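Chain IDs A, B, C, D, E and F follow the sequence of writing; residue 1 opens each chain.
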Amino acid sequence: MEHVLERATLFRDQVFPSQSALYKRLASDGQNPRALMISCADSRVVPEQITQAAPGDLFVCRNAGNIVPPFSQANGGVSSAVEYAVVALGVRDIVVCGHSDCGAMKAFSNPAALEKMPNVAAWLRHAHAAHSVVCSAYHGLDEKAAARATALENVVVQIQHLRTHPSVASAMARGELTLHGWFFEIETGNILALDGETGRFVQVTEGASLPVAVPAAPRLAAADQFRIAAE
Amino acid sequence: MEHVLERATLFRDQVFPSQSALYKRLASDGQNPRALMISCADSRVVPEQITQAAPGDLFVCRNAGNIVPPFSQANGGVSSAVEYAVVALGVRDIVVCGHSDCGAMKAFSNPAALEKMPNVAAWLRHAHAAHSVVCSAYHGLDEKAAARATALENVVVQIQHLRTHPSVASAMARGELTLHGWFFEIETGNILALDGETGRFVQVTEGASLPVAVPAAPRLAAADQFRIAAE
Amino acid sequence: MEHVLERATLFRDQVFPSQSALYKRLASDGQNPRALMISCADSRVVPEQITQAAPGDLFVCRNAGNIVPPFSQANGGVSSAVEYAVVALGVRDIVVCGHSDCGAMKAFSNPAALEKMPNVAAWLRHAHAAHSVVCSAYHGLDEKAAARATALENVVVQIQHLRTHPSVASAMARGELTLHGWFFEIETGNILALDGETGRFVQVTEGASLPVAVPAAPRLAAADQFRIAAE
Amino acid sequence: MEHVLERATLFRDQVFPSQSALYKRLASDGQNPRALMISCADSRVVPEQITQAAPGDLFVCRNAGNIVPPFSQANGGVSSAVEYAVVALGVRDIVVCGHSDCGAMKAFSNPAALEKMPNVAAWLRHAHAAHSVVCSAYHGLDEKAAARATALENVVVQIQHLRTHPSVASAMARGELTLHGWFFEIETGNILALDGETGRFVQVTEGASLPVAVPAAPRLAAADQFRIAAE
Amino acid sequence: MEHVLERATLFRDQVFPSQSALYKRLASDGQNPRALMISCADSRVVPEQITQAAPGDLFVCRNAGNIVPPFSQANGGVSSAVEYAVVALGVRDIVVCGHSDCGAMKAFSNPAALEKMPNVAAWLRHAHAAHSVVCSAYHGLDEKAAARATALENVVVQIQHLRTHPSVASAMARGELTLHGWFFEIETGNILALDGETGRFVQVTEGASLPVAVPAAPRLAAADQFRIAAE
Amino acid sequence: MEHVLERATLFRDQVFPSQSALYKRLASDGQNPRALMISCADSRVVPEQITQAAPGDLFVCRNAGNIVPPFSQANGGVSSAVEYAVVALGVRDIVVCGHSDCGAMKAFSNPAALEKMPNVAAWLRHAHAAHSVVCSAYHGLDEKAAARATALENVVVQIQHLRTHPSVASAMARGELTLHGWFFEIETGNILALDGETGRFVQVTEGASLPVAVPAAPRLAAADQFRIAAE
């Protein structure tokens, strides 16, 4: 079987011709994606595949564990992608997408493997809250169930982290941004979505409305203060 | 037109069934990707599309500007993806893939826009060497050509950064890792590849062997020392 | 008038004698405070005064702007106080307490003053989301109203930051921690409390139950997954 | 017994009325505190109580272990409080106040407890010099005496750290700032003050002048140079 | 004139033969230097020259501005050299050596030049206290005198920074370490030494004892506490 | 034997007089060094000695392990020295000079000693790639040979790090900077130089041209792009 990198001409020669109009338009008009998706680097979870997205549809940030570090002074690639998507591209939806059998989430139960990967160990600190929740609030889970629970709680944690970013907090306060927490099940092709109302993940079904983590709605904590003051 | 996030059931219902054997195998056996691709978050550059890769083929890290921070004490998501790919997955190829019309590369000539995006500005420090090379060593480029030159030099810079990671340096010393520097041209579907011998980018063509940035070959700086000492 | 530091013997000689039993008990038994209060360093906002707390009642962290940096790899004093309060002391309530006429919040509208205070400027990045929300989602506020709105939104932001700390997220998941967002009005002695249900601040009144930002209640995002699996 | 947070109306209804003139003046004139006190978050050490200070008298920074990180590029809340107090408020005195039975100081002899509190462990690095001094220069102390010695040496260390802050160094060079190192004994109500001349802590007594760590006096290392040059 | 790097064989062929016994002993016994000298990278200030030291005499750390960052969590090369010198080599003296016409010190009055050197600008933050002292406490200095005053105050600042390092603080508490603050005048060959008693720099003269910044003497802040307790 | 610090007058009185013309010229004209040398703080490796350099010839940065951290947001002394040398002084050569029997390199095989030196341990992360290469790609080395191999590979690693600095990358792209990797053998006085062509270290010999790690030559990855575009 040919090596994947040897197929670099296959696309241009056999696929591009039928999509050249789209690509040329995207090249001349620039991109205008509808959503930012933050997902795992895992080779089995292809964001454009599971959303059946076309080129130009999704701004995509991928890293080990679909992690979003909280806003801070030393932020890096994920924070930049979030800021660029919200401020420069004006996306109206952000999806944090976890998945089953995630190597990053399973690493919490394998400290020995992490010793050889100090960068990964440091990076997983941003998912430590999920691990900590599972350790202290769930009971009686075997290793596999614990990994799944960690992956699900990790989506919740990363949604919290997203909200600490000024660009996200501002767009949310203006009611212009919806946050989604997804979980892709490799073995079934199912997507579970976090329902912010109940705090639980539910399977996405056709026809039913898509559950969201935080719906778009203006949020002004001090609004009353000034209405009162104005009267 | 339906929103891309509403298509989450489309994949499962219409696409997954015909690929379920592959997905189930990937779920039970785990992933075993052939390469790590580090590319831009840009919605027009889909790694699996331009390599015609199947699920399970590519471990993918995407961020604004296809950047690889050099190894340091405060490393984040990209460094973790690199470490995980090399140490845990044993990939034999790493591709850094830039592209034409890259918003991150164009930001260098638009400091006003960066003022509203402090995270992006900080993140682009890791591409500052490319900007600096273009400013001080190229002459007479217009804005568009400068952006293209920056994007190309940026691939060279990120390849240098990759080599500072202990996991990468070690795999290279053992001769088990090939580094690739690619550039995807949205408007033509072409891929240019960095040829490490000449330091130039050349178009990938079918039949010709794929140019590489750094070929796999053992590199032991002190090898002679001990052969001599042993005699 | 005597300098405040010269009164160091006044306490021992005139106040301590009547409270020596309490202090001796606190010295021998150790502290067991009921709540952690995070408030501003402002000299006009004395946590023990506005809660009429006795020695031993409140674990108190005070800094310019009652800020809680989000959890990260380079955390400092506030994060340590939160962790110590939750893990070592087992407090069941955390109050983030802002106040009127806050110098830190007013600094956002006075960049010139901040130039002479680089540390303060850097520290206020952790409140930048509040400033950003007020700038982009409130309209028509004069400088005084903007400072008040920023101080109120800042309490909301710091509550979000609190939730990124693994110790807090875990205690919340177990249902053992209540989060409070307060605002003290120096000129009236009133306390406003954030009502998490409505996202608004309401005045605390005697007899009525105290509004809380996030009530204590178990939160297990994956609970259903395993109940279903178990059936 | 009523919960301390339920007493939020008690202050306004029963205490504020008799102090409303002071509070209203502080609200309209702004704060003008006489000193900055840096003390522990411990619930038993209430700065305004042990100095019998009124609202408006003391700018107060409290954290676990009354720590002042040395000036650096990643400074946080304590450094900001120091800078704000010296530059914006012009305080003439800074007190670092340690205390007996300090949980943070005792943590050095309990590494197991620190494992569950990584933030606290990292924070205590700023007190590591005190621990190190006690380990290597004191001999024959039991655990309780070692904790007390560490708490006392820690006050000395934090005074050194204070001096690395440019705002503090400058005010000291101008002779406009006095540094105090205090230690509050919970069980007796005594305050010990560091005497910079002897390097020892002495009990504060009424009538006697207050010992100071570093008195206010101009300090110009190069003054002679220019006088000589001018002659 | 031959390039300095071409003289790499000159040393071995013409100098080494007469010193080979010393070098061979140093190679077999290891180094045992008498002091750590921290001086500027400036090509005109050669530590071994101005102390007439032989190979093996001085452990030397050189950087732009003879800077010692205060102890912190992200310490680098200078801190490591200090720690290695004190802990592993057991040096009894540390010299911070500034000099006249120092480019780093002059950079404070040339912000435009610093814009092209962001690393230098960041590094000089560790000398900011010296600049700040000169700006706010000296008056009427012309640019040249200000640079000299900054270089002298900078030595004082770096001595303060040295004391924040646990290894230094501990060795000082044990009375086993002397700190020296020197200033080398390129045009005269003179050395000025900081006299910690007076806080002034004085010229080193033959026959007179060498002034020191902080003499070796045990410093136990809590010593009395335990003597008293024991009685 | 007189203490080395007591010889501070010896230089001025006995050495300076014969070199006063050189020193006075260096003081009035400023420095104009021909090269930057980055070498170890080790007392046995004196850069000016092994190159037989005069005052003014070499800009020198010395630290434990002759390390150059890769360019990043938190860079320190070495990065500043590199930037200052290239941008402000315009040096045309940079030498990274390792040496035999290096304590820093030997520390990798002595983790227990590093536990007492946390700063050194953190600093050595920048040489971790060298250690990692030796561990995984060399076989059958005894401890002494491993230390030597690590010291040699470390020179290679630090040369890679140098190239990540924008000032260095730009000067190299312009063809104005040569990089050298040296290794000084204390016991023989020999210098080995890295030959970038072969990736091996060879002994420097008189008459033969000096091997260099990266020769000065313009490097424009995108040059062809624009030549083609221009035609």
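As a working rule, a residue touches a chain if its C-beta (ideal position, glycine included) is under 8 Å from a C-beta of that chain, and two chains touch if they have at least 3 such contacts.
Going by UniProt, the chains are A, B, C, D, E, F = Carbonic anhydrase.
Small disclaimer: the values here were computed from a predicted structure and weren't measured.
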More C-beta pairs touching across which pair, A-C or E-F?
E-F
Greatest Cα-centroid separation from subunit D (Carbonic anhydrase): which chain?
B
Centre-to-centre distance between subunit F (Carbonic anhydrase) and subunit E (Carbonic anhydrase) (centres being mean Cα positions), rounded to whole Å
20
At what distance in angstrom does the C-alpha mean of subunit E (Carbonic anhydrase) lie from that of subunit A (Carbonic anhydrase)?
50
Could you grab the centroid distance between subunit B (Carbonic anhydrase) and subunit F (Carbonic anhydrase)? Build each centroid from C-alpha atoms only and quote it in angstrom.
30
Which subunit F (Carbonic anhydrase) residues reach two or more other chains?
69, 71, 73-74, 122, 165, 167
In the complex, go through subunit E (Carbonic anhydrase) and note every residue touching subunit F (Carbonic anhydrase).
3-13, 15-16, 20, 23-24, 26-28, 30-31, 33-35, 41-46, 48-53, 55-65, 67, 69, 71, 74-85, 87-88, 93, 95, 100-101, 103-104, 113, 116-120, 122-124, 165, 167, 180, 182, 186-191, 193, 204-206, 210
As the complex stands, subunit C (Carbonic anhydrase) meets subunit A (Carbonic anhydrase) at residues 69-74, 122, 125-126, 128-133, 135-138, 141, 145, 148-149, 152-153, 155-157, 160-161, 163-167, 169-170, 173-174, 194, 199-201, 218-226, 229
